[in-house]
Each structure stands twice: as C-alpha cells, then as structure tokens.
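Each of the two complexes below includes chain A, the first together with chain B, the second together with chain C.
Our next item is the complex of A and B:
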C-alpha cells in the first residue's frame, strides 16, 4: 500500500511539472497557433535565473523568504524572455508555420548553447530549502517534500489560471480566441495583445517549473527544458490544444502511467507507454480530452 | 447624399485566383444596399475585403473609403472600432461561451453597450443568457450574431447571408429585425433569398464573375424578371408576394 501511495504521489509530482510546462504551451498553441519549440528555454531561463539569484541577488538565498525571492526573480526572468520572444521573433511570423518552427527550434538550440557557454554543460547543484530535502510520511509512504511542493504549486497555478480564464476580460478573449481568432478581431478586439499575454503566462509557468524542477531534481542543467518539453507536448496533444483543464488531466495520466510502469515494468517502459497513450488518443479522440480538433 | 462607403476598382486575388476584378459601388447612407449574385461570384470576398479579413495569401487592390477615411491596410479590429459592424456568414458565435459571454466580448471600452436595444429586438437572448451558444438553434445563433454588433453604435453594418439555412418562420423574424435595424443605420447585405431582398433592399449591386454586372434600384431589378433571371439564374416569382409568404414556401434564389 505504501508503495502505491508513494508511486501515486511521486507520479503526481512529475505530473505537476509537466502541467506547469504544458499549460502555457497549450494556451499558446490554442490561441495563436504557434508550435513553440522554444518553450523549454523559458524553463531553462527560470531555473538558471533562480539558481543565480539564490547566490547573488541581495536578499535572496536558498531558504525561507530568500528562496521565495529567488523563485520570483526566476519567474520574472522567464516571463520577460517569453514576452520578448513573442514581440520580436514570433509576431512577424504569425500564420507562417514553417518559419515559426524554424525560429523556435533555432532559438531553443541557441538558448541551450548560451546557457552551456555561460555556466558549463555539467549539472549544477540547485539551492534547495531545507524542508524540500526531507520527506513527509503519508499513509505509510515517505514522500519527498520536493514533489509535494510541485503538486501544491501546480494546483495553485491551475486554480489561478482557471479563475483568470473564467472571470477576467482577457480570459474571455483567450477562450474565444482559441475557438475562432478571426471572429475575435471582427468584434473590435486586438487579439495580438492576448497573444503576448499568453506567452507571458506560459513563460511564467514554465519558469516556475524550472525553479521547482530544480528543487525536485536537486540540480539544474542546460538541457533540462528540452527533455521536459517533449513530454509537455505529449500532454498538450492528449489534453487538447488550448485547454488548461485538459492539460491538467493529461499531465496526471502521463505522470502516473510513467511512474507506475517504470516501477512495475522495466525502467524506460513508462516512456514507451506514454507514447502508446498518445497514439491511442490521436486515433480515438484526435481533439484530445477537452480541446478542439488540431488542424494543419 | 454622400455614400457611407465607397468601393472603387476593388480587385482581390487569393492563391493566384482573381476573385474580384475592378468592383466599384457606393453604399447609401440610409437603408439596405444588397449585394447579389450567383454562388462563387465574390459577394463574401467583397465583405471580407471591406472589413480587412482577406486571407494572408490574398492581395487586395483598389480603394475602400468610409467618408474620407481609407479602410485598406488597416487592421480589422481598428475598422470595427471605427464603426464597421460585421456579421459573418454562418454566424460564427463562440460555441463554448455562454450567450452573455458572447455579448460581453463585443462590448467596447469607453462606450456604453446597448443591451436594452439588443434585448428589445431579441428577448430570447436575455432569457438564454447563461446557455452555451453552441446549444442554441440556428435562428437563435443568428440573433446572437446580429445582437453582438447591435451592442455598439456603428456607422455601417455588413451582414453576410443572415437567413441562410434558417427555417421559414425564423427567416421572417430575422427579416423583421433587419428592417427595424435599417431604420437607424445603413446596411450592406449579402442575401440570396429574393423575398427578403424585396422586403428590405433599397439599392442592389449584382456581381457576376468578379465584376459588377448591374447596379441600381433593387425594386426595379426585381420587377425585371428576365433581367433577374439572366443575372441571378432565378425568377423573382410574384412581384407583390410578401416575404412571409415567400419564406413560408421556402422559395429563394437558390
């Protein structure tokens, strides 16, 4: 029983990480039709900015309020990079899918290279609050606190995103834009502002994933964002393009499947099962759990 | 009287195809001007060019002016904010949003939304405010699409085939609403149902093969059965038949 609880909660921790990356990715694709391969860069920037801030930013540190400040700095850095990427690189390329893919893939590679050139290719120990190094006993299972922190953060982000989408004017514009962007402009709304906003939201969530992922894994490395991005894309497709709630369901399914199969089967089999789940969803329900049908 | 909108020498090319070739016509500052023509002659393309929704792979040339203001090359949202209300073909309501949210989306900052006017014309929308737009009937969706543009003061309404696919009784309701709307603001209407045209239109512009084939008084056109048949491929039926009767028989230009 303890093993099942542990696997469930660590699976949910992984799911939380996927959700933080995938939620922004899903909104960006759903609203702006942009396949953003540079999304992993926002995670890397958030992780490295948090790591840097914890050691160098006055008032910031590896514990207590200092750590909160370091994470806030990382999130702000990720958000800023995401907004700049949208304004400078993506905005001139809307409706030009191939160019978008080339630019975002190139940016992702260049970003990783830049992080490597600046701080080296090796993983670096991440500053972690003392509490996150420990475990908490839940129904007989000793669950790592880093994973619990990720779950709490993801639930808070999910709640905030849903409230934003449901109760604010911009949330309404984003929901409508995911359905029919052209009609939103035909109602007199400058939908480009909403594009920038979803990039900012996506960048912030991914940067938070970078910071808390550093806590979860204990290290930060330049390629971390890219490897997580693959699973985030799978979560977006399974959950449905443009659906935050769909991303949450899909992240839980992927995280739990990976964790359980990797434990009870062979290591690595969980990843294959996730790809199998993706294939099944694409065949049986191409619009994903809660989204619209992806069109070419 | 000065036209509210002037289209001069408008040419639209999309993916290498010349959809419109030198189209020119004015839209009167009052009443309904109707754009007629067989399927595929460029009626919807004309409306979309006016409101700046030509696809990115399209090319628009010519002049479109609203008063002294040139409309070409301005983004759609600015054109709409400057007083162009657009109701597209197939309504395009946001199916996942409620009726109230669809209307709220059309509100403009700094302007008071005319909910009283919309609900006076379409009381059904007020009753169904919390219902998802996707679960409305076709007629109710059309009312919502028209209601969205009536929420704001506009200088001109562009309405694309508002009676398409609707039941005869609903066609009559929509026609009556458009008649009331046209009393207070000019309308450029694309419509295939000649009974509706007969009831609403003051002026008509007939497109054929991407060009203006005929322009003038709409009622005169409808009296000329042979001309109507040659331009639209359909007879006008009884000249004095009311739209309700025409709608009830389901007879239209198709």
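Our next item is the complex of A and C:
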C-alpha cells in the first residue's frame, strides 16, 4: 500500500512538472499556432537564474524567504526572455507557422549552447532549502518534500490560470482566440497583445518548472529543458491543443503511467508506454482529451 | 472553424518570367556536366597532397581530413534525403534521426553481435530501416502539420530511450558499441584505408542525389510537389495523399538507413548521441541553410554544416578566440551557438538558403546594372 501511495505521489510530482511546461506550450500553440521549441530554453533560463540569484543576489539565498526571492527572480527572468523572444523573433513572422517553428528550433539550439558556454555542460548542485531534502510520511509512504512542493505549485498555477481565463477580460480574449482567431481579429481586438501575454504566462510557468524541478532533482544542467520538452509535447497532444484543463488531465495520466510502469516493469518501459498512449490517443481521438484537432 | 491549409514552404515559380531567364552565357553548354565534373574532382581528391592551412589540419589525403570529408558527404546525402520529406513534400518530420540511427545501430549489432558478413548486414539493415519507416509512417501520417511533427518526435524519442536503456545488452547503452572489424573486408579496415571509406561516402551521396532527382522528376514527384503546395487539390484530383506521403516517408527512411550503414563504417561504431532529437533538428537546419526543395542546396547545406560543426570546435579553442574577452570567447567556443545563430539569421534574411543566394545576387547585380544601358538607344 505504501509503495502505491509513494508511486502515486511521485508520479503526481512528475505530472506537476509536465503540467507547468505543457500549459504554456498548449496556450501558445492554441492561440498563436506556434510550436515553441524554445520553451525548454525558458525552463533552463528559470533554473539557472534561480541558481544564480541564490548565490549572488543580495537578500536571496538557498533558504527561507531568500529562496522565495531567488525563485521569483528566476520566474521574472524566464518571463522576460519569453516576452523578448515573442516581440523580437516570433512577431515579425506572424502567421508563417513553419518559419516560426524554425526560428524556435534555432533558438533552442543556440540558447542551450549559450547556457552551456556560460555555466558549463556539467550538472551543478542546486541550492535548495533544507526541508525540501526531507520526506513527509503520508499514509505510511515516505514522500520527498520536493515532489510535494511541485504538486502544490502546479495546483496553484492551474487554479490561477483557470481563474484568469474564466474571469478576466484578457482571459476571455485568449479563450476566444483559441476558438477562432479570425473572428476575434474581425471584432477589432488586437490578438497580438494576447500573444505576448500568453508567451509571458508560458515563460513564467516554464521558469517556475525549471526552478522547482531544480529543487526536485537537486541539480541543474543545460540540457534539462529539452528532455522535459518532448514529454511536454506529448502531454500537449494528448490533452488537446489550447486546453489548460486538458493538459492537466493528460499530465496526470502521463506522469502516473510513467512512474508505475517504470517501477513495476523495466526502467525505461514507462517512457515507451507514454508514446504508446500518444499513438493510441491519436488513432482513436485525434483532437485529444479536450481541444480542437491539431492541424498545421 | 476555417483552417486554411496554406502552403508554408515557398513554392518555386511555375515558369520563370522572361526577363529573369539568364542569357545563355559561356557556361550555358557546360552546365549540365558540372555535377559530373564535381563528382570527378571529388573522386580524385584523395590523390592530391595539397595543404590548405586553416581549412584542413593536414594535407588533403591525410586520413583525418578524408574522414572529416567523408562525414560531411554522408550528411550531405542525409540532408538531401530529408529534403525529400521537408522541401519536396512539405512534411515536417522531427524524427528522421531515428532511421539514420537504425542504420548505424542495425549494422553495428548485426556485424558485432550476430557476426553476419557486412553485405548481409547492410542489406538487412536498409530493408529493416525502410520497413520501420513504413510502419511508423503509417501511424504518424494519420496526423498532419504540427501534430505530425510532434508524433515523429515522440517515435524518435522511443528509439533514443531504447538505445540508451540498453535492453538485452544489444546497444551498449551510454558507452555506445564499437564495431567489430574482424569480419569486415580488409579494404574497409584501418587508418590507411580511410580513402576507400571516403569513396564509399561519395558513392552514397551520388546515389541519394540521383534517387531524389529521379523521384522528383517522375510523376510521383509531381504529386509530392502538389501535396506540398495544396494537399486538398491532390485529393480532389482523385489521388490519395496518404499513400504518396507514405511512399516518400518510406523512401527517405530507407535512404537514411543506408547513410547510417556507411556512417557506422566510417566512425567505426555507434554512439547514443546520433539518436538524439538534436540530430533531426540539425538536419532541418542543414536543409533550410542550403535551400529546401532544390537539388544542390541541401547537399551543400549538409556538407557545410558538418564541416563548420567540426571546424568550429577547433576554431573555438584556438588562440584567436581565447584571446577575446570571456563574454565573446565562451559563446564562440560552442559550435551550436554559432550555427543556431546563423540559422535564425538565415530564416529571416535568406529564406531560399544558399541555393537561393545566386538568384538573389543576380537580381541585385541586374538592378545595379540596369540604369546604364538606358541612356542612348
């Protein structure tokens, strides 16, 4: 029983990480039709900025309030990079989907290489508060606190995103834009402002994932983002493009499946099962759990 | 919901306007033979002992230079094969590295673990690679556009996981699998025989260019170009887009697997980094840098990319870069940073790639020259 609960909770921790990355990807893709390969870069920027702030920013540190400040700095850095990328690189290529993908591909290659050039290719120990190293006993299972932190953060982000989409004017514009962008434009609303906003939200969520993922794994390395990104893509496709709630369901399904199969089967089998799930979803329900059919 | 399937890849104009047709110059008659001349020059290159300081480290016929050239040629061929998907059919696949890796690991495992002779291993591997491409393509092609890209990416990721986790002890995991050379023909083994591997790579490139050229000139190739430009129209004409795309996907997969066989011989083994999605992304970079949908663009792009990738590493550690301040020298020592930046610039400023550069320069030259003959008539 303890094992099942432990696996469930660590699976949910992984799902939380996937959700934080995938929610931004899904919104960006749903609204702006940009498949953002640079999303892993935002995650890397968030992780490294947090790591840097904990050591160098006055007032920030690896513990207590200093850590909160460090994470806030990391999230701000990720958001800033995301907004800059949208304004400088994506916006001039508006509605030219393939070119946008190509630019984000180039950006992910160059950006990760830049991180590597600045801080080295090797993983660095991540500064984290003492209590995240410990475990909490829940129903007989010893669950690592880092994973619980991720779950709490993801639930908060999910709630905040849903509230934002449901009750604010910009949330309304984004929801309408995902549904039918041409109509929103025809009503005289500048959708491109919403693009920037969605990039900022996605960048912030990814940077948060980078910072908390660093706490969870204990290390930070330049390639971390790109390996998470592939699973985030799978989550986006399974969940349905442009649906935050769909991403959440899909992230939970993928995280749990991966964790359980990796434990009870061979290590690595879970990752393959996830791709199998993707193939099954595509064959049976191409629009994903919730969302529209992914077309070019 | 009006999803307009716009042709994202800029299509070549159906007919070149009269004023743009270049005047038959003195190269006009020689032009069709230029590829043959280039092939001949490339074939006799190993006999030259020319020193090109700064471009290559040793003389042209030194094994190190020949190996670098051979790898460049392989990637030229790979990029040309990938262009069959991306540039000529308009399919954005992010999983092409999988079939290349299948070629490399297939050969390696069949020769080293199963002890098959090389020709049998090569034949089995190429057939297997094509079948793998057909099977996975049959599933992936049920989606279109960006979803297709993601699905192929996911399939390639499975390949990477399979190789890295080393199921059944076949692939050697993170360390890779060195090729057991005892069963290979003598002519392909050893440093002194690098020249034979170079010729093999050259032959591979020639075969790929020939196949892609013939396919794109055939009626099937016309349909593929039609799919790239407007898939609905092909459907309206009564042709099944799915089948044609599957043919292109399978053919490209087989060509990539064949490239993997030669690459395995040149490098003398397999290492897990060739299964990474980064390799597919660099294939995409090669094609876009060279010029998608052109005959020589992807080849040039592939050769140049691999050359730069190897040489920039040496350039990054050279004294000229080390003497720069750290802000500059560190990014410059990362080949991928330089290549990624060039790539982004190319997407913005040279959408046609290297192959489009000549026509752009011609236009520029014309516009500079035009005002002069206007004066007295």
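As a convention for this text, the second predicted complex is superposed on the first by the 296 of 296 C-alpha atoms of A that agree within 3 Å, B and C clash if a C-alpha of one lies under 4 Å from a C-alpha of the other, contacts with A are read in each partner's own complex, and residues count from 1 in each chain.
Criterion: a contact is a pair of C-beta atoms (placed from the backbone, for glycine too) under 8 Å apart; a residue touches a chain by one contact, two chains touch by 3 or more.
From a predicted model like this one, the values you see are computed outputs, not experimental measurements.
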Give one word, clash or fit, describing how chain B and chain C relate on chain A after superposing.
fit
Figure out whether A:89 sits in contact with chain B (first) or chain C (second), or with both, or with neither.
second
Identify the partner contact of A:155: answer first if only chain B is touched, second if only chain C is, both if each is, neither if none is.
neither
One more residue to check, A:282. First (chain B), second (chain C), both or neither?
second
By residue count, is chain A touched more by chain B or by chain C?
C
Touch check for A:180: first (chain B), second (chain C), both, or neither?
both
In the superposed arrangement, does A:190 touch chain B (first), chain C (second), both or neither?
first
Contact-wise, after the overlay, does A:172 reach chain B, chain C, both or neither (first, second, both, neither)?
first
Applying the document's definition of touch, where does A:135 land relative to chain B and chain C: first, second, both, or neither?
neither
By how many Å are the closest C-alpha atoms of chain B and chain C apart after the superposition?
8
Both partners, chain B and chain C, contact chain A at residues 180, 182
What residues of chain A sit close enough to touch chain C in their complex?
29, 33, 35, 37, 89, 92-93, 96-99, 101-103, 105-114, 116-118, 180, 182, 226, 230, 233-234, 236-237, 266-268, 271-272, 275, 278-279, 282-283, 286, 292, 294-296
The chain C residues in contact with chain A across the complex are 1-3, 5-6, 8-9, 92, 139, 142-147, 149-151, 153-155, 157-158, 161-162, 164-165, 167, 277-278, 281-282, 284-285, 288, 330-331, 333-337, 339-341, 343-344, 347-348, 351
Which positions of chain B touch chain A when the two form their complex?
51, 53, 56, 75-77, 80-81, 86, 88, 92, 94-97, 101, 104-106, 108, 148, 152
Which bits of chain A are touching chain B when the two form their complex?
95, 172-173, 175-176, 179-180, 182-191
